[in-house]
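Submitted below is the structure of interest, expressed as structure tokens.
A, B, C and D are the chain letters, set down in written order, and residue numbers restart from 1 in every chain.
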Amino acid sequence: MTILADDKVTAAASTDANHAAPDGFNLPALSALTIGERLINPDDVPWIPYVPGVDVKPLRLNRKTGLWVNLTRVAGGGTVSRHYHGSAVVGYVLEGSWHYIERDWVAKPGMMIWEPPGDIHTLVTGSEGTTSLFLMEGPIFYLNDDDQVVAFDDVLTFTKMYLDHCAAHGITPIDLDY
Amino acid sequence: MTILADDKVTAAASTDANHAAPDGFNLPALSALTIGERLINPDDVPWIPYVPGVDVKPLRLNRKTGLWVNLTRVAGGGTVSRHYHGSAVVGYVLEGSWHYIERDWVAKPGMMIWEPPGDIHTLVTGSEGTTSLFLMEGPIFYLNDDDQVVAFDDVLTFTKMYLDHCAAHGITPIDLDY
Amino acid sequence: MTILADDKVTAAASTDANHAAPDGFNLPALSALTIGERLINPDDVPWIPYVPGVDVKPLRLNRKTGLWVNLTRVAGGGTVSRHYHGSAVVGYVLEGSWHYIERDWVAKPGMMIWEPPGDIHTLVTGSEGTTSLFLMEGPIFYLNDDDQVVAFDDVLTFTKMYLDHCAAHGITPIDLDY
Amino acid sequence: MTILADDKVTAAASTDANHAAPDGFNLPALSALTIGERLINPDDVPWIPYVPGVDVKPLRLNRKTGLWVNLTRVAGGGTVSRHYHGSAVVGYVLEGSWHYIERDWVAKPGMMIWEPPGDIHTLVTGSEGTTSLFLMEGPIFYLNDDDQVVAFDDVLTFTKMYLDHCAAHGITPIDLDY
């Protein structure tokens, strides 16, 4: 890591107009303004059936930024149908494997996948299925064979799905909007 | 600003296992890794007709992150029809005024507007029209009166529109993908 | 814009396992989950003396993401001393002009400037001074002539500066944490 | 998921000025503008000694946005000394456990941790050590007992560390700048 040398720091501060705040506030003062951290225990969030063979467990649903993070569990041979992401996506494989039928690589445990806006792909698992972590921003569009958008999801649709699922199953939802 | 006091910095660094890099690299070394900055002159980008009464001038079209930034010029009485943003949007009014017909405030020069994912609105200008700067992430969906999506735009559609416009008018496009 | 034409949408939805939610929720339902937008009137935020010759007017201070947006007004011949940004910065010139003494370009009204993480520069204005909008993420480090960090600012230091300034001048602060 | 109903789509597009682009470009055309995805195999990146008891394996080092993603492996009883993040951080525990000595919770496998800008903490592992995934934006500051900054790291220091480590060990670095 970069070590910050110290000599002349005070001198610089006292002689440079842009550093003329010798009695400035400090980190303890900032701590009073720092908001709280969040710890999400996956046991506190149910698996929610998404489409046949695919369950999702949301870990973050930020309605201010549009970020949404899910564990996605796909049964062996399952599919997440052809889609287009409006923003970039990051995936991290926890178990099993999957691939996109449009690509020639296979995502395996420990691998990180980054997909740019506009990437169109169809996720298919190996026979063992997979559990992966997906960090998304903004909407996902599902496409038909004619490249037309037939459905979408985003942080709001997933928030609604989560709340509806909890209501239907007598589960108290936790706050995932962070 | 916060002034970093200097005494004991080296000592702390040399006695704490997590700071044991007294000969670490420094900022000049990092400069060699820093990529170049960008300066966009609006005179180098044409106004592109978007819909009747609305012209756009893209200033940034980042195909990695999905960020897109436009100057949007709407003629007096012009409209940007009803739409839904999949991610948050920031607007900053440069000239004239506009409002959303779904809201009771009016955006005037110098005002900053932040819209969360999912905000649905229809932009209408005052008689003088407006020029505003909009910073967007991810897609915008246009909606019909039944709240169904009938069209969308994003960083890729605007990149295509920009390149097509340049090709049609003999303009050399500049690199806005930063 | 891209038109989402389609005469087979319902059929696709009903026959594709990944689209099997024909009675799904819709945009009006999502509207109930959408949080409110924000409109910031610059007249509601004071100019705050930052260093001699430089005043700032914060328009956004997001303590969750670290985003902070300021109007920065620099008097003719004024300087923002040599600094390093830990994340990318976007600037947009509203009035006057400025340049970095380390660069050979001049930023003028309407120009957009993007600076990558690590960019080190010293802002100097022309004789007419400048007002520019700066959108930042994360800290700015001020450096001495030996490339050592002598001070820093970020969303929290600016939040404290804003609140302290308001308290000292009997101003009621508005909520800029969005 | 939300199904996009289709009736009246064309009609809306042809009658509304803001949708008057019936021969607009479409998704296949956009595909030509979409940049390539990335798959990072952790076997292609070495573990790099960071401080005694802590090794890191960078998976992403984005010099444009300041995002940096690491696997962090801490030996049993190991420590990442007291620090301050300038932007938000997301952690996801893969193996073992850790906690912050300033907090009363313990992070275990499968848990997601979000930390706001300014959060100050000292990471300590349980006896079994831990491997966790950390997604960061912008700098981390290391602090001494007097709350003064004594060192920092960011995407650039980690890029340098990665390149230096590869050079020293005859490893060909892969491109992590995505």
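The definition used in the following text is that contacts are C-beta pairs under 8 Å (C-beta built on N, C-alpha and C of every residue); 3 or more make two chains touch, one makes a residue touch a chain.
Keep in mind it's a predicted model, so treat the numbers as computed, not measured.
Engineer: Name, by label, each chain that touches both members of the pair chain B and chain C.
Structural biologist: A, D
Engineer: Once you find the CA centre of chain B and the CA centre of chain D, what distance in Å lies between them?
Structural biologist: Comparing mean C-alpha positions, chain D is 23 Å from chain B.
Engineer: Take the average of all CA coordinates in chain A, do the same for chain D, and state the distance between these two points in whole angstrom.
Structural biologist: 11
Engineer: Whole-Å distance, chain A centre to chain B centre, using C-alpha means?
Structural biologist: 22
Engineer: Going through chain B residue by residue, note those that touch at least 2 other chains and give them in order.
Structural biologist: 1-6, 8-9, 13, 18-19, 21, 24-27, 30, 33-35, 51, 63-65, 116-118, 142, 148-152, 156-157, 178, in rising order.
Engineer: Treating touching as the only link between chains, describe the layout with one word: line, ring, star, complete or other.
Structural biologist: complete
Engineer: If we count contacts the way the header does, which residues on chain B are in touch with chain C in the complex?
Structural biologist: So the residues of chain B in touch with chain C come to 1-4, 26-28, 30-31, 33-42, 50-51, 59-60, 69, 84, 90, 92, 94, 103, 105, 107-108, 110-120, 133, 135, 142-143, 147-153, 157, 178.
Engineer: Could you pull out which chain A residues touch chain C in their complex?
Structural biologist: Residues 4-9, 12-13, 16-21, 24-25, 29-30, 33-35, 51-54, 63-65, 79-81, 142, 144-146, 148-151, 156-157, 159-161, 164, 178 of chain A touch chain C in their complex.
Engineer: Once bound in the complex, which stretches of chain B touch chain A?
Structural biologist: 1-10, 13, 18-19, 21-22, 24-27, 30, 63-66, 86-88, 116-118, 137-139, 141, 149, 152, 154-156
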